[in-house]
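Structures follow.
Shared chain: subunit A. Partners: subunit B in the first complex, subunit C in the second.
On to the complex of A and B.
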């Protein structure tokens, strides 16, 4: 197992280099450069060229790439062209916010989607099943932006229950104060996080419900489940202990993949809800052509996704003892 | 409701009641890029400068320089300006403010290595010196009338700023009415009242400023009471509803920016003045203002902003006139064709592309113009693309017609000199008229405001006649606050100077 993990970690290196190369190329291929954005509508072409020279962006692209990789390997991701701050500092501030949002969304997804999927499968072709299928269809089809704005209009503008934007105290701060017996901070933190997290989770819930349903249906029709029924096991035991555990493998895969998708969705969600995370950092950086920030953030996201995929693979072995890694 | 949740709710309520401090919540459209006054590139950073720092002067709502860190000033000759500095002023960290700080600030702005975006405003300065700890002297290479207007640049503490280097913008120290407590990048900015402020401690204890990029969300946040104050940009379609809200105060004025069509005079089609004038006659500004901007932005005339001391109504006004436009196009050799209705010249169809950045209101404008110009037989293509790519093409002169805007025109020099003089750095369309060059150069070096006004009036007349720009709109400025906010003064520049006088009555 350890050998397997080590080998997978080694594979990260070429993956990261590939990601870097692609991001690097895309940034240079799209029209527009940071110098022009810096100067705005009051700059001159001469000044633009001078700035490009100062930033070293007038050197041949392969050379720029080599310099960048060499610097990155020493842990130096450079400085933001627009904010002056180091990319690592910016990521340090943004990563916890995005992780918090994604984890919360994932928890919501699993808590809501798996039970719904199971119910849908057990009550196959009933009205409950049809309703759940229909609602999840909506969830798959509705763009995040739309859902987010509707949620803001309802819960913030009409009902005035929740703040429409921003991040409160971090979930970590909230939890530590809860341990000290003061739940107010946690509530405040959740008050801000709940709308974006639910928005982010909405699309994933739909996908996980549908997969849980079909996976459960497959398993429920297998011989051993019939045997379990025949020997008189309680329906609840059959569903939870016998069927669900075996249906979980594809569900874990998709939940893992959804986590990566959530990071992607965070780009939209964070922009709507003004959530200070990596998604928003990337969106701003792309529109300003802030090369170091885009490169650094994308590498971080790639690393994160790779780690989650590894985690998913490892969890298979736990769920199905038949799977062995070597 | 269970007992625990009642307890939780009570804790929450008590928590907020215990906070006797007054906090004002403010919404912005973009995060300030930096808080270093020398590196300001966006209006958010400009607003932060007004809260955290003081300039030598401060521009009042009529753009007249008023004392700030300088208490009095005089030109001892047309190229020498002396300023007396305020005594007993301290920076947020306790450092004493002296003339050295002024000299340091301006010298670093002028230093090429700093790459300050504001450098070009100060290039006529040849020397800055401290005459004594409370008097500075600016020596100019030639007379430069807008100088005083530009002396609102925030003054930095020399020692701290030297030590901090490029990081100063993350932990700014100024002499302003508020000091920085916490800056969560991309999240919120927390400021506290500076109780040692020379102008008296501000009445609100805390400001929490958040950047919310989405116009709708920012508006909802104000309506739901999460925010106490928001300002432009605001979607014009929401103005009416917000103005009627019993919970809000809406104030509006003509701002200090214009939106214009930049015509590339090096383009084979647009190099002909008659074609440019024809386009001006085909651009119905009143309809654009009324129907697309709901009156928030008003029809443009020239680079001179209405409401400022330099405005003069001498510029040529192009009233919508299809017949006149057609006459001009025919005179320029573009003859009406029977097939398809597109004019041709030597067999070539009359095609023009208008571009702009992605912005719903600007996109509407170019789509509207597409239809209007088509009436005169022009085949118009429109394209909206992202700002970075568009601005790169514009700077490189790769465009025919571009819809863009200029902001913060605190002096008429700023919206004209670099744009219309032959060697002007932002003259992307390569417009050139020796008469304009002369007028704008004179206006920049004259120290009499009466002479300047007359020169700008004449320049505006020639420029509108030549039509290198079509001035579409004068940008409006809107500020909306909750009824709890009193003491706020509207500045056409959008300045937040009056935040130090605001009281909150909840």
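On to the complex of A and C.
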């Protein structure tokens, strides 16, 4: 197990350096030099050269990259041009909002998708199965943006049940107040979070239903399930205790990998619902040409996703001994 | 071993197998209709893209404007029909760029193996560390938002999928006897790869490219919705959705039709891709 973790970490380091290299190279594609962009039309040539020197842009590119890696490793993600704040501070404000959204979406995905997939497999080729399969096919094809807009139109504009935009108290605050016996704050928090979280979950639900269904179908045809049936075990016991347990292994992997897709989806979801997370931070920074914020946030999200994938891999190896030795 | 099944399926029988699969016929018809409306947009609508009537803003659907009008009094049906051109064009070019890079990288990695494989596939891993849309956004931030940036950046995002699938087809194909035969006849490795091996990997490529069209159309819509894709006044399904969100109080119907257009189109490509997979990729490399 330790060997597996060590090997996986060895793969992690070059990927991280690669991520930094790609982001470094992408930002060199910007026409004009960053010092001129920063100074605008005001600056003189002397000022520009001085700023180039301060920013280290007069050094050769490989050296610039090394300094960039060193700065990132020490947690220095640069400073915003427009907000005057460090990118790390901006991220610290935005990351909890995005994480909250992604985690809620992941919970919704599992709670909805796994039971639907199981029912679809157990009632193979029935009307229930056909309906679920058809709806998931629509789900895979439906753009997230449209789902979000339709959700706002129905639940906010027509029915007036939920607020269309913005974020309420954080989920953390809601949960602490629930522990003190006051559920109102949690409900208020969920009232704002539920529409964006369901929108974000929607695409993943379709994918996880499909996978659960095929994974369950594979397992239900195996000999040991037939043996359990022959022994006269109750159908429910067979489905849950025997079949689902083994079918869960690929499901856990795909759910873990959905986290990356969810963070990508969060960029669009946050823009629809004016949710103050990393996605909105990046989209606004691109519109304002606030390059340090774009650079810092993109690197941060990529590092975060890789770290989560690493954890998924390790926990997966822990759950399934076959992986460790392959 | 299993590839013999694929090769023994005679080309003649392939189309009929596709036609017997009802969902894929539906998919093919949808794709055909979308392509037709992209081509025939000027014939389908009495309005031109420039026509605007500011007094007729936010008209609900009627006989005159079957999908209503937008915030400038422009006919939404006209914009959705012309939007099909943008969507299909962007997706075609993006998938094309992705395929070229992916096929080159995947076939070199699979065919030559060893260090070449390790270096190329680690590069794929690095690209896959980014959520797809995030990498596209970073590229657009550097290149500036435009229709060209969208095509280039989506191509640079999606090549990894193609590289992986081509690599896995090549890996199993290179164990075949005809590869040894080609080598024995004195063909250079590159000739063997491009003339003998790659043509046998075309089936899975067509499948992933078809499904990839749907993905590219969704991604273009998302980028244009964010205001970072196709720029106004060029109509794009994504940017009409953005306007629909801004004016949802005045004109809730504005978001309906572009959204429906995206969903139906993507559904078409998905159904067609599933059908093609049954016919062209019986080994299931692409699942």
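Keep this in mind: the second predicted complex is superposed on the first by the 267 of 326 C-alpha atoms of A that agree within 3 Å, B and C clash if a C-alpha of one lies under 4 Å from a C-alpha of the other, contacts with A are read in each partner's own complex, and residues count from 1 in each chain.
We take it that a residue touches a chain if its C-beta (ideal position, glycine included) is under 8 Å from a C-beta of that chain, and two chains touch if they have at least 3 such contacts.
Every value quoted in this text rests on a predicted model; they were computed, and no experiment measured them.
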Once the structures are superposed on A, label A:15 by its partner contacts, choosing first (subunit B), second (subunit C), both or neither.
second
Is A:263 in contact with subunit B, with subunit C, with both, or with neither (first, second, both, neither)?
second
Determine, under the contact definition given at the top, whether A:184 touches first (subunit B), second (subunit C), both, or neither.
first
Please indicate which partner A:94 is in contact with in the superposed arrangement: first for subunit B, second for subunit C, both, or neither.
first
Which partner does A:67 reach: the first (subunit B), the second (subunit C), both, or neither?
neither
Can A:302 be said to touch subunit B (first), subunit C (second), both, or neither?
second
Does the superposition put A:224 against subunit B (first), subunit C (second), both, or neither?
neither
Taking the superposition on A as described, I'd like to know which of subunit B and subunit C A:82 touches: first, second, both or neither.
first
Residues on subunit A in contact with subunit B in one complex and with subunit C in the other?
30-31, 149, 152-153, 157, 271-272, 287, 289
If we count contacts the way the header does, which residues on subunit A are in touch with subunit B in the complex?
30-34, 36-48, 51, 54, 79, 82-85, 90, 93-94, 97, 149, 152-153, 156-157, 160, 163-167, 182-184, 187-188, 271-274, 276-277, 280-281, 284, 287-289
Given the complex with subunit A, which residues does subunit B contribute to the contact?
8, 11-12, 15, 31, 33-34, 36, 39, 41, 115, 117, 120, 166-167, 169-170, 184-188, 210-214, 216-218, 220-221, 223-226, 386-397, 404-406, 418, 425-426
Counting only contacts in the complex, subunit A reaches subunit C at residues 11, 14-15, 18-19, 21-23, 26-27, 29-31, 137-138, 140-146, 149-150, 152-153, 157, 260-261, 263-265, 267-268, 271-272, 282-283, 285-287, 289, 291, 294, 298, 301-302, 305-306, 309
Please name which positions on subunit C make contact with subunit A in the complex.
122-123, 125-127, 129-135, 137-145, 214, 218, 221-222, 225-228, 238, 241, 244-245, 248-249, 252, 255, 258-260, 262-264, 266-267, 270-271
